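The two complexes that follow have subunit A in common; it is paired with subunit B in the first and with subunit C in the second.
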Partner chain A sequence: MNRAFLASLLAGLGLLPVQTSTFAGLPVLPQSTAQYSPNRILVKFKPGVSGPARALVAQTYGAQAMTALAYQPDITVVVLPPAQAVAEAIRAYSGHPSVAYAQPDYIYHIEAIPNDTDYAQQWAANNTGQTITTGTWTPTAGTAGDDMSLESAWNAQTDCSAVTVAVVDSGINYNATELAGNMWAGNARHGQNFAADAPTGVGSDPMDLNGHGTHVAGIIGAIGNNGAGVAGVCWKASLMAVRVMDASGAGLTSTIVSGIGYAVANGAKIINMSLGGNGYDPTFDNAISSLQTSGVLAVVAAGNSGWNNDSGATPTYPCNFTQSNLICVAALDQNFAHASFSNYGATSVDVGAPGTNILSTYAGAHATITDLAPGVASTGWTATSTTAQTGGGWLPGTTGVLSDPTAGWGTALYNAGTDDRVYKAFSLTGVNAAVLDARVMVNINSGDYLNVNYNSLGGDPFASGGINAFGATGLNLGTTTWYAFGGLDITPCIGTTCTVGFQLTSAAASTRSYGVQLENLTITTLTLNNTGFATLDGTSMATPETTGVAALVWAHNPQYTYTDVANAVKLGGRPVTALSGITATGNAVNGMGSLAYINAPTGISVIVR
Partner chain B sequence: MAALLMLAAAACSQSAAPPVAVKPQPRMLQPRPLPNTAPGSYIVKAPADGDKSIRRLFSEYGVTLVRPLGNEQFEVRLSQDPGLEALQRLAAGSRGAVTAVQPNYIYTFH
Partner chain C sequence: MHSLRTITIRTTAIASLGAAAIFSLSLAGCGGGSGGGSGAAPIPPPTSHSVTLSWAPNRETEVNKAGGGYTVAISGQPPLDVPYVAASGITPTTVTTTLMSGNYLVTVTAYSALNAPGSTTGSKSAPSAAFSFSVPY
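And then the complex of A and B:
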């Protein structure tokens, strides 16, 4: 971006006086940023001052012309002589006994304010100090002006559709009304599915069965100014759905690098990854490096553990990778304070961006089925055992074996050589995804196993046709462990007759223990709809805010390299005290600042004669 | 995916502890942290003859999947997981058929 272009851009935005002077063809930026006409002022005469008397006053100060405003006859526009500055003229006219006051003729311009119905809730775009009514992160109201200056940026650029952005996440609900028109059009499903639950073969559906990816996508590119919903940082976009995380929200090195490869091969210029893990991963590292040869920028999340990523004990990847085509983003709250959950790092984390109470699109609606809770008995379970147990508990004659949580631990041990099962039918109809969560106390011996199975056909899920949610061999946690399942994706069980069951098997020579106590069981479902919205917190949200700004910059400057875009995003940000010393730049991402940032020219040679 | 998480926990917790039943105190315990690698699943670099080299080298552990990832790398799943170190030892002795083995890390939303 050269200086002439910058000047015209800023003038066009109304951020600078419209008039600029030139010398030998080189634009000179005005020293003042005041927004008023440099050659005219407004003068209000006192009541009773006649027209000829007004003209005499103007003539006294050398005015070139004067005109009373239509419908405001007491106010006169005075055109100044070339040598007279506005400030000087105001002083002169204000001192005249016939004048009530004189003032600059200020320049006003239309800010690009989208008409989306929920736009007023999008504090990241324009923070007025408004309360985010659906927000749950304190504070829900912040400081006016602590935002990304998007309204100013939108005066220059709203259309990012020339820059394909890959959302490497849980997929995107590409049918959402706020996203459908902004999806990448490279294939009928707007992307590809690489998640662990994906069927093999080309054409696998990247539909979002979690919700996260659709939220991220909406932050980047929900259709703006369409009179509905929210506005993305980009009003027009090309969003590629690359599904690498399953319905439970987990992905693998293998799924992610496959997704990255697909995105690059299909023309993505920016890859958004609101995800992370904690082991150094050379395959992932190499995948980021390989993006450089294709000129692709990666924008990634710092993480939500509240720790210092620069500490040797707690690196977070991909944030801690060191490539120049990677931007790592921390989260700010509505006062531009560091959100306490957000990871940080003076070396690894580049910038901050709004990451609390962020309203965006969502893939559908969640519902939760809770069947077991501490102290709450449950009914409808079928229990079987291959051996005669003794004592109390869930199974007739058993103690502490797959026990009812109201019964607690018994006094006897489970049998050797037993196969004890409990299962229950759940109706999972009209939903698109289901995730099972449970918390169990496990006290089993080596060689004995706990299994969790499900079967969409109903009946005993451990009989033929059942699927083991743990894998082929089941779970052996050994002696006493309180285990929370992080989420078992049981989406294949969706239907009217889904049964979910727990099984304890013990070896013939088992020395036995107290068994398994189920404490909590919930099934969280997702039903897709095309008009969903959610308000979420996380560096997952700060990341796409940044990605959107990167896309604006790149769309505005198609000749930029990823280095130019990265510099504009990082160095065009606004210095924020809360980020000083805990991020590499100390800057909050700023749309207008990034658009106006001038990258240092490269490739210039000087010949000295 | 979650099934894989559980398997890792199983692998970590198996031990030769004496088979004495200890009555647990359920409420005094903390949830066990989830593992950050998928058990039985690895990323393997095999520059030459990739699929065949991998299946041959790891055959005793029941290779259930060899899927190319590009850059001479493959996702490999084993029905019996001997652990990373055992696989790396095999790779080291493979005369260059397999040059690297790493975990298949688990990532979550941030």
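And then the complex of A and C:
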């Protein structure tokens, strides 16, 4: 087989090495960018050169050993002495009259494609233009090649377990089969809970009762190439569960900064925060700054409001914090277009990453109980009032909408000096979390209140033992437009007789107003299981895609600082038109690009003699 | 034993000359020399000198393994390749060459065998900030 044909054949098979050498001339010196064995070369002897003669040649150049290939006997593997470089050896052997040519023993790689059963649905890793069958964000099929080049990156690095990643979120279902083997092993529960509720009755348990944190964790580090489920950006990982958000997905500054502190104290190198709020928070800001002392990188979400974070009216934190150890991520769709829900900002947002139709692990299965559907009579509500019900007070069961005053909401007024209650029992059994939501219009006077209470023991939740979901002062939105609670964590109400109630109280001297209307009440439950998956959209998903790449980079370059990692993630990305001008770099995160990124050398000095 | 004298070296960024730093360098005596005298001094003949360039090691793993290394570009000279050395297991961060008297700019670029997306020839860094130096007569 002639050399040109061999090269052509190898290329056709997709088996060309990282850097091919030329067959056209002698010697076949290694090119500076090729990967090859550093301590052996291949020598092809001319026809008729005997075994002893070959051995003599090898001995001449100090070879430690030589072996003819079993099925290519003209080719001999020569093991070099320790001090002999490959290039030097090739020059030496090539100059010997018995040698036809000598060449490096190049290193080839398999293309790293994981065998996870749902891998073909992970367009962020390898976008073939496939349709994401569980996707709900249009488009559900995109452009081949618009991905993070993870298959190439996985040739170089799949194991991030040396870099602990803290998922500061709603917790992680650390028992999920796709995650259990990749959880941080610092304690038995793989992290810590800082949210107010106790998921399993154990206050420190970071079990995920929302699902969001488990989805985020799977994007970063679902076990890869295990023949099941999905592959994380990191096939092997060390995922620390830091639970700062409750079952409804809400968290507080106090819980978040506590979680950050815990993560750093326990060795996390990267903190993923797929969360955001809109008020400047100096405590949170300082917590990010303090990470620098420990060399920790934070990767955060741009937000899902579709607005410009750089506008003074609509910042999103922590994205808008300005520390050098913070990367803020926008979301791209399957065509690498800016996902319309994603916030952006030429100053505040650094990069974009896949954030639509992202398949990942989930904490369990949701179910929804619905009530108060508009126009549909609802039953089972119990109403009480301390004042006469003529026009005022709750009067359930006649329509789907609960209102007080029942008669003519928006025209009639509720009673003064009243305590109007309405409640209903729901059976919440066999579930691990419950979140109450409803649409409301609340238009009540100062000094009058709407309260939402629940009681796991049943009965009037405003009587002794009830829990106020809004806090002591209740809610007064002062609005006549529909408003969603946004989710109230009622997990402590789980049981066979969970009563949920609403109460309107008014002062004796109240001048009264239109009152309260309620509709579309839902109780969304979560039942944990260890084999759940979900397809979600959001900058919450784009963020862990980026975190995973950062972990790959750091694991591959253990000498890196957080600045090096941030440079590689941001500057090793792929320029994308849709991100130009609306992010600081204009780049989409790219695993291979970040791994291949090299910082410019520094510190040149000269000595002249 | 060489006598020592001092020359001045400036670092400049090619694109931005606003923040030039000045360093003093102890210089071992070189071959050749210039004559003294009054009036316009004659331009001495150029002489060759051994020049050792050093830089901080890159932290990338791929630069510091087989297929990695640095390329040193000195103005008017062929580039110098400083590859990883298998025998020592390190990628050197110094190189010594011989230069004639004159002024030079040098940049260092790091490279690795890891292909950036779309590349089949590995990857390389941006050049370092240019460093200017003089080789005396």
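The rule is simple: the second predicted complex is superposed on the first by the 446 of 609 C-alpha atoms of A that agree within 3 Å, B and C clash if a C-alpha of one lies under 4 Å from a C-alpha of the other, contacts with A are read in each partner's own complex, and residues count from 1 in each chain.
In this text, a residue touches a chain if its C-beta (ideal position, glycine included) is under 8 Å from a C-beta of that chain, and two chains touch if they have at least 3 such contacts.
Note that this is a predicted model, so its numbers are computed, not measured.
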* Just subunit B (first), just subunit C (second), both, or neither: which does A:D281 touch? -> first
* Asked: Counting only touches as set out at the top, which of subunit B and subunit C does A:A302 meet: first, second, both, neither?
  -> first
* In the overlay, answer first, second, both or neither for which of subunit B and subunit C A:Q84 touches. => second
* Considering only the touch criterion stated at the top, classify A:G538 as touching first (subunit B), second (subunit C), both, or neither. => first
* **More subunit A residues in contact - subunit B or subunit C** => B
* Give one of first, second, both or neither to describe whether A:R243 is in contact with subunit B, with subunit C, with both, or with none. => neither
* Report for A:Y560: first if it touches subunit B alone, second if subunit C alone, otherwise both or neither. => second
* Partner subunit B, residues of subunit A touching it in the complex -> 169-170, 195-197, 212, 245-246, 248-254, 256-258, 261, 274-279, 281-284, 286, 290, 301-304, 316-317, 408-409, 413, 439, 441, 443, 445-446, 468-489, 510-514, 517, 519, 538-540, 543
* Structure fact -> The answer for subunit B against subunit A in the complex is residues 1-7, 9-10, 13-17, 19-26, 29-32, 34, 36-38, 40-41, 43, 67, 69-71, 73, 75, 79, 100, 102-110
* Asked: Which subunit C residues qualify as touching subunit A in the complex?
  -> 2, 7, 9, 11, 25, 27-28, 30, 49-56, 58-63, 66-67, 69-70, 81, 83, 85-87, 99, 106, 108-117, 119-129, 131, 133-136
* Structure fact -> Residue set of subunit A touching subunit C in the complex reads 16, 18-19, 31-39, 82-86, 149, 152, 156, 556-561, 564, 572, 574, 590, 592-593, 595-609
